[in-house]
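Both of the next two complexes hold chain A, though its partner changes from chain B to chain C.
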Partner chain A sequence: MGALNKESYVVLGCIGIRLFVSLLFPSLQHQLDQAVEFSTPMTSFKSLYEGIYLLKNHIQVYDGGVVHHPVLLVWFFSQIPSEFLIDLLYAFIDGIIGYQLIQITKYLRKCTIPCWVVGAVYALNPLVLLSCVSRSSIIFTNLFISSALLYVLQGNILITAACIAIAGYLSVYPTLLLIPLLNMVRTTNRKVLTLVISLLTWQILLLLSYNVNGHDWNFLSATYGELITFGKVFPNLGLWWYFFVEMFDAFIPFFKAVFNLFLFSFIIPLTLRFHKQSLYAFVLCIGWIVLMKPYPTLGDSGFFLSFIPFFSPVFGYLRYPIFSSLLLLHGILLSPIFYHLWIDLGSGNSNFFYAISLVYALGLASILADLTWALLRYEYDDGKPNYKTKLTQI
Partner chain B sequence: MRSGPIATICCFILNVVLFAQATELNVTSSSINDHDTNPSLELLVDTDDKTNSITSNDIEDVRVDDINERENFNVITINDDIQYPFNEKLLIRPLPNNNLLASFAFEMESETFIPGHDESRSDQYRHFTVFPKAIEAMLGSTSTRQLHLRFTRGFWDAESWGRLPHDGFKSGGSGVELWAIIEAGSQKEAFDQWKTLANSLSGLFCASINFIESSRTTYPVKSFQPKSTEEGLPIFGGDETKNNKLYLLRASLANEPICTENLTPLLKLLPTRGKSGISSLLDGHKVFDSMWHSLSIDVTTHCDFNTQTCKYDMDAEVDMVIHVPYTLARNEHPIPRPTPNSELRCDLTKPYDIYQCFPLPESNSLSFEVSEIFGKPIRGSNLISNNPSKVCVDIGDNHENNSWEALLKVNGSHFGTDDNCFDLENKDDYDIYISSSNTNEIGRHSEKEEDVPLYVSRSLTGYGQDRGGLRTVFTNPTNDTIRAVYFESLPWFMRLYLSTMKLESDAAGAGLDLHDVITSVHYVTAIDHKRPTHLEYTIEIPAGTSLAITCQFDKALLQFAEYPPDANHGFEIESAVVTILKPWSYQIRTSTLLLSLSTPDFSMPYNVIIITSTVLGLIYGSLYNLLVKKLVTIEEADEIASQVGLKSLITRLKKKFI
Partner chain C sequence: MGLFERVQRQVIARGLIPKVISLLPLISTLCIVLGIVIIGILPFEGQYRNTYISENALMPSQAYSYFRESEWNIVRGYRSQIVELRNASAVERNAIMSEWLQQFGTKTDIYQNHETGDTLYGVFHAPRGDGTESMVLAIPWFNADGEFNVNGAALGVALARYFSRWPVWSKNIIVVFTENPKAALRSWVEAYHTSLDLTGGSIEAAIVLDFAGEGDLFDYMEIYYDGLNGELPNLDMVNIGVFTAEHEGMKVSLHGTPFDKIKEDTLFSRLKILMSSIKNSALSGVKKTYGNEAFSGWRIQSVTLRARGQNGPFDVTSFGRVPEAMFRSINNLLEKFHQSFFFYLMLAPRHFVSISSYLPSTVAISIGFALASLNSYFNNPYYTLPFFSLYTLLSILFWFVSLVVTFIVSNIFIYSPFPTILLAVNIIICLYPAILKGNAFMKDLLSYRLRSTAFLFMSLLLTSLLMVNFPLAFGMGLLSFPMTQVKTITSDTPTISRTRVKNSVLLLVSNPFIATWLFSLLCDNEFSGLDVFERLVSASRELGCWTWLVLCVGWWTPWLLVAISALDTVKLSNDSEDFKKQQ
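Now for the complex of A and B:
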């Protein structure tokens, strides 16, 4: 009973903190929505709001280069009458994600930490908190990813398939998570069923969008086309933007294909290598996508980092946790400063921000590599930790 | 800026071509050249002889070299009634602070033609008189029904100078502005014609108009509409299967420098070629040494539906504002030098010493001749139409108290008229003498005419290079509610958020809401690299009120090759156009804006490609190794290593030999 209480406190606290911050600092939303770390053209609330405005004024939403949000999301928001309800919605969704993380923890057999801690880590994670306050639309994708994970653990493949399809509908790349997800579904029949249902859901969503968008397919290129081909070159924490700013014209399409392939390249290997620890494969795949996606935000990485408590049984095997966390911290703290130096003060140039985005990428990559190592090491020890054995790879 | 060298080269080539054309094709100019170089040809002053020479040249132009025709031509020369549809007028109007507006207007008409006739057939010919052949060919090949071209530079100080000449309908925004009505079967076809038109004009006027592309072209829906009083523009159509429509296209190049290269081709289009009539005053050095100048060309098609014939009308205007004392000083000392001590105008009521003093304001008595302003007198009338060249000085009525005086000077004697308008009848050199004892008093025919109905100013807000705001301030100084259409075309790299549009107003307009003043909005969002943002709205500004409309935008980052060579100079954003509909029609353009975008490091392409690739390789390599390699203890690893590889080979070799 006490544990249950703690869990509900955590969820309520999660919602409360977000509402409190949103209401106490009303200008914070605007500030964060302008920060490159939390908003990209694909997820910013400003652009979403422009979409709502255009929709309400009967102007073609996707016949232009400003709105890149999925049709149904824009439509959904146009139905919300007040600002407070939007704040409430965002806080509530973050609460649900926190709750789902707690529920997922319960399915971990070897978890050494109390379930509520996972929720508390999520609730207090400043990256997630600020991302929520900035009203970045990435939160919806995160919600459907965590729901998919929870329901697959519960064995409800219908909802799982639908959720991952919705996440994919919202921002393409989570579709790749279907691969580690299928690995978590037991029998082949159920696997096929999951695949079919998610494809079907995806189709329905697209058809619905087609209808809502006034029988026009132009939203496909404005949302997915722009995302996959990196149509909007805006500075962000990812590895794509500066590469394509400086790339020679003739090679741009080639390298866009290569980067997309690169993003896809580790999904199957990770799933195969950790097919017995399928949940961890799923989390590592999330991490890989967050690292390599064209428009990453700190909301993405905050979501990924919230899964790290799941790795508590293997914490002992981590080789350089201090180094990784310092690298990440370095990147996150310096990026707004370097961006400010470049854009506002003019006393630094674009290389400053580029350098910090590299540090950030290396930080995330070192966390990923370290977790992978720890999992391999755990697998080697077969559940009986022996930290003294010195292992190497050949 | 980008287009500078290209424009220069093109101009050079074009000047050569034009020169060739002028000497070869249209003999009118050469005949007048003869007059100029050979002043002893007294006979040519006679009207009959003038007609004679021109007509014969025109017949040569049509290349009829039959002797019978030659005989006919003698008959034609006797005909006294032949006159060419050409009119020219110069209006000189003093402006406050010793400024002077000189407004040159030229009107000409083409011969009638039958629309839809295939002119490439061998038995067809076209007859050209005063209307420029180059323009007509261009209009014909691109199915253009109306063409409007503006070259403007400088700042029109509306608060001091009052209304723009021609109510602003003949001057453009800073840079080049072009709009045209094109007949086509579809919008795409219209755009293709438009591209052709722009390229032809670019060649003809030595300007970078060829840089007009889809990312700069808009299709205005409320502004730039042809005047409703016209009988409607004709659609030549062709056969019925083609469903032709008229398309209005507009584009502007804000960073285009306007110079002599653009004036010379304009003068070459006139039948007088700048050799006689008022156009002889136009000299690049003087026109472009002014505070504000504007060249404009408007061509419209008029059709007579009874006779099924059409003709083109062309208006060319050259307007400029000259600061008289400055220009007179330039005449004395072409290279500026410090004023000598004796000529310094010191304010002796304030402290002074032998080195420095406070200056007095400019003298308010002025007397000058137009030839001092333009460097040469008017070389006779236009000698081509029966309408004499006309010069008017707008200084109000001649009465005793009028401090202004304007006289025509010909052959050393001065003449005055009641309305201060002078007809130049013959081939003498004319000059206009203007003097004033008090330049602060400017007589006008009616005060009402000078009221500026609206002041508009637009500026950029914000400080970062990643976003900013646009702020347009409308000030209505009149006692009427003003109804106007605001037109704005912004480049795609300014991502405008229409949802952020807000209204601020002064005390007089307190309580107004955005929906109260903006009645209808036409908005086309930009597409990257393809289409500009196109915003038009109708706005009503209550009497005596000042309103500000603000809007936020994001600035895009471009690819490094898309930046101009001087990337940190910024990008010129073209003027917004405000067309006032009520209470009277008037057009204003705001000044251009300079938008600075964030720039990447231009020296970095290779470094970035290499460094990013290295990081990607590092990440890929480490993860790949982890996933693919086998996990073993160090002892096992050593053992395996001792069995394979170079080290083990050496040990084995050692064992064998030692």
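Now for the complex of A and C:
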């Protein structure tokens, strides 16, 4: 009973904090929505709002080139009557994600951390908190990713398949997570079933979108097209934008393909290598997508970092946690400052911001690499930690 | 990777890691020394560079300056009229000046502000421009010392008249007359970018004229360039000021170098200007403001030109030729100022160091704090405990609470400053460990973790401040460093009372308010008594300078944590319940 109480406190606290911050600082949402760290053209609430307006006034949503949110999301928001309900919805969704993380922890036999701690880490994670307050639409993708993970652990492949399809519908790249997810499904029959269901769900969603969008397929290029081809070269924390600012036009399509391929290329190897630790493979794939996607926000990395408590059995094997966390900390702290120097004061330039986003990417990458190493060491030691032995990587 | 592995194996084989960890306090102190040395060697021959005009389009003093004999009587005429306005009200002064400006076709308007005083400004539209860019000539009626800026105002209107007859301008010229160079000018700049109707496009550069008195002559020129919050104008802007002034034969002084010392170019003179430039930039807005500070934060390159002395060989028109030539230079620009340095320190009017030379010093100081943080994490009997323990969480909680407290106190202080109470409270906090002796209330592990959090925060703060406001980061790093030497007191500590006294002294010295106060009294003759606090607050309120906030939130917060950690503690002994539970 005590444990249960703690968990519900955590979830309620998670919702409470978010509502508290949103209602106490009403201007914060707008400010965060302006910050490149929390908002991209693909996830910004401002453009979503524009989409709602257009939809309500029966104007083609995607003609203006401003809105890149999926049709159904815009439609869903156009049904919400008040601002307060939107705040409530966002807070509530974060609460659900926190709850799902707690539930997922229960399926980890080796995890030494109490379940509620995982939820508390999510609830107090400032990145997720601020991302939620900024009303970034990435939270919906995150919700469906964590739902997919939870239901696959519960063995409910129907919902899993639907959830991952919805996550993919919302922002394409989570579709790749289907691969590690299939690895978590037991028999071949069920795997095929999952695949079929998620494809079906996806088709249905697209057809629904087609209908809602006034029988026009133009939403495909405005949402997925723009996302995959990095249509809007906006500065963000990712690795893409700087390349495409500097590049000769002739090379751009080629390198966009390369970047996408690169993103894809690590998913299958990670899944194969950790097929016995399938949940960890799933988490590492999330991390890899967060690192490599064209429009990442701090909300993405906050979501990924919330999974790190799952790795508690292998914490002892981490080789440079201080290094990685300092890198990430500095990257996150300095990025708004360098952006300010570049955009507001004019005394810096784009190299400043890109340099710091590289530091941030290096931080994420070193966390990923370190976790991978720790998992491999754990496997090598066969579950009986032996910190004395020193192994070389090669 | 192979090399890395080999190094790693050697390090482990020789047991270097425990050795390094036990030497952390020493290494951290060495980092600070290194930071000082890096700054200290800058004035040596070969470490600094000579200034040069980086943007070729500027071509300072390439055109002949015509603001000479023909304008002499005009300046004098305006001056004799302005002298009579000395006791007139601001409204009268502005009305007359506005009439003069309109006589030669300048559009004028008055920006009304009841708190800071009205500001008159006129826009002369460029004959050859598209009207999207402008240059500002700002003249405070009363300068930083409160003197009536007679010559400055006369020059301002005479220059405006003279410029209006020229067809060469490709940027609009805005003439601004404000009551003072501080809040009034600042509020006008803000209003220009937010609410004013009559505007002349984005301001590229601004020159503030300061020539008090009615005499014809002056000895030398002083240039002020420090912006608020660590901002500096592009080095090219300072350079064209220095180049054009020296082209006219004047000597240029930076950071209050007296006339007889300007010629000196020795190690000591360079060191002195370097130190003053760090100090003045760190205290910019807090010290007297000469006008150029008002333009900070809007991508405007600004300098203040001030005439000093009264008997020299130069007359009013030669002072006027400097802004004339500078405006001609800026007028040539096709792009914004971007070529030259935005981050630099001056050692002489023609010597500077760029950021790559001086930045490492504060990086070293920041690393020093990070190492101090690691030191208090590792160098105690409990380093084997997991990171996520109750005590770490407690220390983070303490940090968060003191962050909120310092933020609230700093904001309250802005509206009702009581410096004496603030100092008294801080002194009491310093002496508290000695007063409370024997009454231990926390475990020694918490004390270590508190310091660890505090120093990590300080290190992160210094790193964040590094690029934005280097002088402030450097000064704060140096002055707050003594607090890394504070030691935890347990019952095992040998010479317990000596440690207590030492802790109290270290806390006193590194307290943000006491240290700032002592620094202002010892290192600058502009401050007296406690007025540094009032000035910090007024800079924050009137100019939007965030030095006060940084002192409170950035420095006071970790200091409070360190002060708490200096209280007496109980040993979290090996056989206690806590320790077992933690393990």
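As a working rule, the second predicted complex is superposed on the first by the 392 of 394 C-alpha atoms of A that agree within 3 Å, B and C clash if a C-alpha of one lies under 4 Å from a C-alpha of the other, contacts with A are read in each partner's own complex, and residues count from 1 in each chain.
Just so it is clear, a contact is a pair of C-beta atoms (placed from the backbone, for glycine too) under 8 Å apart; a residue touches a chain by one contact, two chains touch by 3 or more.
This structure is a prediction, so every number in the text was calculated from the model and none was measured.
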item: Chain B versus chain C as contact partner of A:262, first or second or both or neither; value: first
item: Which superposed partner A:231 touches (first chain B, second chain C, both, neither); value: first
item: First (chain B), second (chain C), both or neither touched by A:199; value: neither
item: A:330 touches, of chain B and chain C: first, second, both or neither?; value: second
item: Chain A residues touched by each partner, larger count belonging to chain B or chain C; value: B
item: Partner chain in contact with A:347 - chain B first, chain C second, else both or neither; value: second
item: First, second, both or neither for A:54, with chain B first and chain C second; value: first
item: Which of chain B and chain C A:368 touches, first, second, both or neither; value: first
item: Partner chain(s) touched by A:80 [first = chain B, second = chain C, both, neither]; value: neither
item: Partner chain(s) touched by A:390 [first = chain B, second = chain C, both, neither]; value: both
item: Interface residues of chain A shared between complexes with chain B and chain C; value: 344, 346, 349, 390, 392-394
item: Interfacial residue positions of chain B with respect to chain A in the complex; value: 463-467, 492, 495-500, 521, 523-528, 531, 554, 556-561, 598-601, 604-605, 608-609, 611-612, 615-616, 618-620, 622-627, 629-634, 637, 640-641
item: Residues of chain A that touch chain B when the two form their complex; value: 34, 36, 41, 46-47, 49-50, 52-54, 57, 59-60, 63-66, 231-235, 239, 241-249, 252, 262, 265-266, 269-270, 273, 291, 342-344, 346, 349-351, 354, 358, 361-362, 365, 368-369, 372-373, 376-377, 379-380, 389-394
item: In the complex with chain A, residue positions of chain C that touch it; value: 1-2, 5, 9, 12, 231-232, 297, 299, 336, 338, 342-343, 370, 374, 460, 463-464, 467-468
item: Residues of chain A touching chain C in the complex; value: 322, 326, 329-330, 333-334, 337-338, 340-341, 344-349, 352, 390, 392-394
